[in-house]
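Labels run A, B, C, D and E following the written order; every chain starts at residue 1.
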Amino acid sequence: MELILEKGRLDDWIAALEGWQAFAPSQEDEVWGYRPTASPVRLDHPNTVQPPKNFAFPQREVFFRFEQVKGEPPRLTPVEPDAARNVVFGVRPCDGRGVVRMDTVFSDHVEDSFYLGRRKNLAYVGLACLKPASRHCFCKSVGGSPVSTEGLDVLMTDLGDCWLLASATPVGETLMQAAGALLTEPSAEQRMELARRHEEALARPQKSAVADVGNAATRLKDNFDSPLWEELGKACIACGICTYLCPTCHCFDLNDEVSGGKPLRGGRVRTWDSCQFPDFTMHSSGHNPRDSLGSRLRQRVSHKFRYFVENFGTPQCTGCGRCVSQCPVGIDIVNVVNRVCASV
Amino acid sequence: MGDNIYLPQLARVSYIKEEVAGERAIKTFRLEFAEGEGFEHECGQCAMLSIFGKGEAMISIASAPHVKTYKQFSIMRVGRVTSAFHELSVGDVVGIRGPYGNSFPVHDWRGKNLIFIGGGCGLAPIWPVIQTAVAQREHFRDITVFYGGRSPRDIMYQAELEKLRGAADVHLSVDKAEEGWNAYCGFVPANLMDKEPSPENAIAITCGPPIMIKFVIQNLRSLGFRDEQIYTTIENKMKCGLGKCGRCNVGKDYVCVKGPVYSWDVLKDLPAEY
Amino acid sequence: MSRQGDWNLNPMSETYEPKIVAFLCKWCSSAGSDLAGVSRIQYPANATPITVACSGSVSPQYVLSAFKKGADGVLVSGCHIGDCHYMEGNYHARRKLYLVKELLEFTGVEPERFRMSWVSAAEGAKFAQVVRDFVDDLRPLGSQDKMRNEPT
Amino acid sequence: MSKKRTGVFVCHCGNNIAATVDVARVAQEMAGEESVVCAKDYVYMCSDPGQNAVIQAIKDNQLDSVVVSCCSPTLHEKTFRDNARAAGLNEFTCEIANIREQCAWVHKDRAKATEKAIKISRSAVRRVSGAKSLEPIGIGVTRRVLVIGGGIAGIQASLDLANAGLEVVLVEKQATLGGHMIQLSETFPTLDCSQCILSPKMVEVSRHPKIKLMTYSELQEVSGYVGNFKAKILKKPTYVDPEKCKICDDCSQVCPVVVPNQYDLNLTARRAIHIPYAQAIPASYTLDIKACLGLNPVVCGKCKDACEAQAINYDMQPETVVEDVGAIIVATGFDLYGQEKLGEFGQGKIEDVLDGLQFERLCSASGPTKGRILRPSDHTEPKDVVFIQCVGSRDPARHCAYCSKICCMYTAKHASLYKHHVPDGRAWVFYIDIRSGGKGYEEFVQRTMEEDEAIYLRGRVSTLYQQNGKIRVMGTDTLSGENVEIDADMVVLALAMQPSAGTAEAAKVLKIGRDKDGFLAEAHPKLKPVESVTVGVYLAGTAQGPKDIPETVSQASAAAAKAIILLSQDRLTHAPTVAQVRKSHCTGCEMCVDACPYEAIHLENGKAVVNDVLCEGCGTCSATCVRAAIEVKNATPMQMNQMIEAVLGF
Amino acid sequence: MIRIEDIRTQARDILETGEVRAVIGWRRGSRGMAAEPVLISQPEEAESLVWDPTCFHNLSLNLVQERKRLARKGMASNKPLALVAKGCDARSVTVLLQENHFRREDVYVLGVSCEGSGVLDERKLARVLDGLTPDSAAYDGDDYVFQTEEGEKRLPAREVMADRCLECRSAYPRLNNAVFGEEKTRGLEAPFAALSRFEQNRGAERWDFWKRQFERCIRCFACRSVCPLCYCEECVVDSIRLEVTPETTADEKANRIRWIERSASRSDNFGYHMTRALHLAGRCIDCAECERVCPVHIPLRLLNNKLEREAREKFGYEPGASVDLPALVSSFRDDDPNEFIR
């Protein structure tokens, strides 16, 4: 389904989405992030600081609550994931592809009821990147494209005075149908314009590119013991920026948070975690399988470009460039992959 | 909600035995599901045990699958959760979810000689295999158990090991000689070399401290064991047990799913990040 | 999110009782509060004492932790300057906790929520007055929601 | 650490607690605590049956920790800790929850008081659940005492200590014992001769087998702690061997250098080689190296030539000795307030304006005038002598705020002595008020006024100046309201006592506090008047505050007694609730080292190390460390955290 | 003006003579215009060193990291490490020396006096350039000069300079083994100007502001990771750095206090940032790296500045002024503020 929305009517469409809570990028203290929509929604944002992964995989999530009176068995109360229906506007295609990768992880082997519980109530309305959202974009080199609909329910393309909305899933169609008369059939010129703009976007070079993503997994395997890892990892300060801002990083921690002692009361809480944190893999004994900065950088990069490929046939990285642009010390995953893969 | 994969079942502690005292104390616990059937498991699988308010810890199940009334765990006191376990009394109720991970292909080993090599608390993960083999004694040929601790006081399952003697060759050892110790003195890998088990139609299963495993595998190979004849288990820090939290990741594997049991020919190709 | 357990009720309701953690040094302020007791000087029951060796041992972490766990007010009371049983502990307390107080105020936490006092072993009446004043000052502020953990 | 088995015992204290607090409910709530295996209430926990019940419950329930919710720990902490010990528990796993003074007695609302009592009790339960068994720290002791200062205070303390059988090291900065007291002529109120009563004691000191006398020596450094101090003492060379010196004075006769004699407050002169006064102890000459032309026979060498006993040794070197002692008594004495600071009284530049000690020398038979009172300027007998009290004292705006305490008395004595020497002279005394508390003191002042006819004028002197060979004193008599002008022949200022220069040095070396006026600070103004804040260091005499001779002697004996009590034990014990370092967390930043009031922490191989004996467990280090690398045993952050939670209803 | 050649020559010399083991400096980054930290150990690598307004990083962090790296490998350093240090960086080296984290002889400071050039605030620049992404930045004595796809852009330094540089209190690295540039500080703004502006807000407004900040924090710990003074192996407030040595007992691990949970809740974030600020009181020397790296733009510098100014005004304490001073919180003065105590 491809339909036209006048530029000025976006808010009306959002208003027409009954039963959906809408989110779109906005700025708070100059930080671009997905927040409940406030009129007018403009969709003129660069890459948001964080990808929209919070919607299905919030940074903090309670799985169940427990209560235990001394001498009695504990009582557990499961928590159900928030059932609100959320629609997120302005999602870049790289982040859309990130959603797919997250879906893969949380459905593989056993289904994560919390992730999927949220996910099934989530819709993503994407925004085609007619020009790169940042100088660090490299989606094309990792199998993506600035107009990809992967993971998105609708893709919006800016045609100058109007948006062209293309549905990519049945949910997307539902969303568009809710707009009713707001949406009109595109003209032939508009269709041609769309094609032209998409082609242009695809042709536009990105400043950054993974050299040979197809062979990256093999090359990374070959160079697992390369001294380059320690060399490149030396600059790393072991913060969580690259992983917390990544649309596909899913590692987490589970802890009991206690909020009362008479009776014992609390909950089991999932919080994000990062393989870049020093104690992420540390055993209780103090033994740490990945105890150096280099080994942790290797883990992150290998996971994105090798392990995920080995398991699911595609790189996990979607080329959004956040880990590059936000790294405090300028570690560039593209550079790392290219250098390691190129080394002998 | 039935599909809350992180929600533990409740289990009651029915038995506690202090195996080893001291700073690295080990206690054995038997847990009985508080309601319902609980779950079945296979040799080598683990379960995530909870003490509410403290957290969870992945512990290998030390009872054999044919034991239906309880699940046994031998837990060394190392951190927050395991310390809380050591404070439990019989009758206390804890959380348990599982079973997690793969298992030893015990069925495939029928007709073979089984050689178990354990050290310290590494006897627990292979104990279900030993128990299974003994229970199905007719299906296996020779069963040999090598097991050692730092001192006689660090030997766990002492009574059980004695009971085993009829069904299996048991070779115990302690690291340093001590009065009253009549068996072998020295490290487990050395005891292994001392007894020189034959690789002929044999499977070697080893578990213990990483450094011990390293030398055991070295020694087994020098005795002529092929990589696929050697099995071990690896332990990594785990939080979810479900292949999601990313913590136990070694190469492409999540140990909680693809492990903990590995044959050496598979394991040797994984990064040594465990 | 619903409030559980010991959390305060509606801040402005008449049943609202500010919860105060009172760190009292053993030698002066705790002794002073003992004297208030011996003299049967009545004061509100809102402040629960934790006796410490010296006000100098009260780590800023304790103060923050108390607020995080739902204290409406935190009192640290020690010996008058010059009278510290450990000579200088209260000087250290004063400097460190001044920084805590400043920082709380800076972030917009009501400055009335953190209080320090010097109460000697002879000042039973003063101790009672310090608690009375503190409770009076806290009451209109209502319950402390800024730093408090929401129960899980 | 396995889970604690705690017993909680809630006391009704008759109706003292039970009237306001629902004690049964407190016990019941405590029973619900994780670690509590028995919780009881009883009408009088501290009664014999109550205590026995605690002991029995400990045994019956195999308790390993106890909380008693009752009155203030100052009252019965010891009682119940003793019970705990009697039942086989470590006393440090017994805690008191004060629900009487801090709860039942100060609240009326039963519900609220009960809630608070529960919180207090619960926090004690949580605290005790993290408590470790601790053993008191034992310290061996050196049964020797260092006495600093050889005035009457030091002499008295040394003799008391030595006579009690302890070894004493007595260090005196000057070349002789005696301090200021030996400079005095007579002493009030009995007017007995100062030298006569002091000299025998000095001789006794010098001959006492238990006393090691070190004159002309200075304390340089003290390390260690109670029972085990190490004192580094510098022995300055006198260049005269006291063993050989025959005090024949041949050396002094030939010495070409003449300098003022401080012993006589510069009213006389002496040679570079000298003996302060004839009865000096040790009886030996001292070569004042600052005044001497040089220790080189080529330059001078006259004294060495003159000495037949060959007692003079120019090669004598300063010597540092280290003495091990178990206790230290500081008796560093006083100086008089400096005349140079008194602009209105001539800044010390008017020859016939004297201070009290100078006047003492004039009165003394062994003094510069052989006991005749003569004006230093022209050696005439003064006929009008003005004595001014409170000079430099009781004047917070300009000088010392405190009352120097003995000036009233010594002025009365001076006036009286003057009148005895010069019966036809007039003694004028300006005073603010007369403070004559002491046995026979008031009578003495009255005698001075009435029998000796000293003229007492209540008022201050605004200024004085020299005029026509006299000193014009401008004062006010506030009783008559008139200005008084006196042309005096001599003026004697009753200057305030202030701590001696050596006091500040000693305080620094010993790391003991001083008060705002610079006097040594006692550990408690009422109950520990002779103890310093550092355990094992005691105070005596005027270094601690202005006082007269009898008071000084009493305090010296008291300090000696304290030291004797301390050292009468074979081993000292120290509370084990001291700081401990978590080595793995310590980065060696030294913040705790700087913050510790007791200098109990130092670095070893880049990690903080606590000296258990010096540590008093105040916890300042723990609150200072940003790395949580140091904590006080049984008051750990973990326990504090638990208590905070308990108080907030967790 | 500072000539990069001088720095390179000095770096080459001390590497050649073997006076130092390595030099930590900045080189051209692979990521746009920004320089990046580099540790060089070969004299010829000195050529890669740069000095421009994108040298924001406080390289004393790399000094700390290198020390940790060596310690983990069980390697002791027998020669000093050199670092290029701006005035602020040199002050943090001073604090590290003050806290015995290094011995003076283990550090060779190649001081650079910024001479008023300061460093760039990338966020301010982004606001001004509106989408243009420069490839390089330079300082010509007055202006910052950027090379962009649309050619050279020239901006008055004042407009895009980092606040901390505008308010710089001492641009001259007093602690140094060699120094480049002259001792001149162009105080474009008064010290603590941003802080003073913020303090115009009343209590409720302040809370609204901080509430927003604390709710936005994602607890990536970049602020802590980038701080050269957060060198503890284990952090009091969080478990991501856990110190377990062979001596660590099970008890210790079991009883580790969780002052602050891992949850990025407002309360926990508040606790985290307050604790961090307090732990840096008297130690923070205002390199403002924490604020620069924060991906969600929490103005952390305000918190640290607040305590720094209190330390200066109320306690007469200047962080990073002297190696020999005791720490702010392990010392006191008789006339410390007392009026707040009742």
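Things worth noting here:
Everything that follows uses one rule, which is that contacts are C-beta pairs under 8 Å (C-beta built on N, C-alpha and C of every residue); 3 or more make two chains touch, one makes a residue touch a chain.
Since this is a predicted model, take the numbers as computed values, not measurements.
Steps from chain A to chain D, minimised over paths through touching chains, total 1. By number of C-beta pairs in contact, A-E leads over the other of B-E and A-E.
At the far end from chain D, in terms of centres built from Cα atoms, lies A. The greatest centre-to-centre gap from chain C, using C-alpha centroids, is found for B. Separating the centre of chain B from that of chain D, both taken as means of CA atoms, is a distance of 68 Å.
Separating the CA-averaged centres of chain B and chain C is a span of 52 Å. Chain centres here are Cα means. That of chain C falls 35 Å from that of chain E.
For chain D, the set of residues touching two or more other chains reads 1, 595, 624, 637, 641, 645, 649-650. Of all residues in chain A, those that touch two or more other chains are 253, 255, 257-260, 262, 264, 266, 269, 273, 280, 282, 284-285. In chain B, the residues that reach two or more other chains under the touch definition are 78-79, 82-83.
Touching chain E in their complex are the following residues of chain A: 28-31, 33, 46, 49-50, 59-60, 135-136, 234-235, 237-241, 244-245, 253, 255, 257, 269, 271-274, 277-280, 282, 284-286, 291-293, 324-330, 332, 335.
Against chain B, the residues of chain E that register as touching in their complex are 249-251, 253-254, 256. In the complex of the two chains, the chain B residues touching chain A come out as 1, 3-8, 10, 12, 34, 50, 52-56, 78-79, 82, 93, 95, 210, 235-237, 239-240, 242-252, 257, 271-274.
Chain D contributes residues 72-74, 98, 100-109, 112-113, 115-116, 119-120, 123, 513, 533, 577, 595, 597-598, 616-620, 622-624, 632, 635, 637, 640-641, 643-645, 647-650 to its touches with chain C in the complex. Of all residues in chain A, only 69-70, 258-264 touch chain D in the complex they form.
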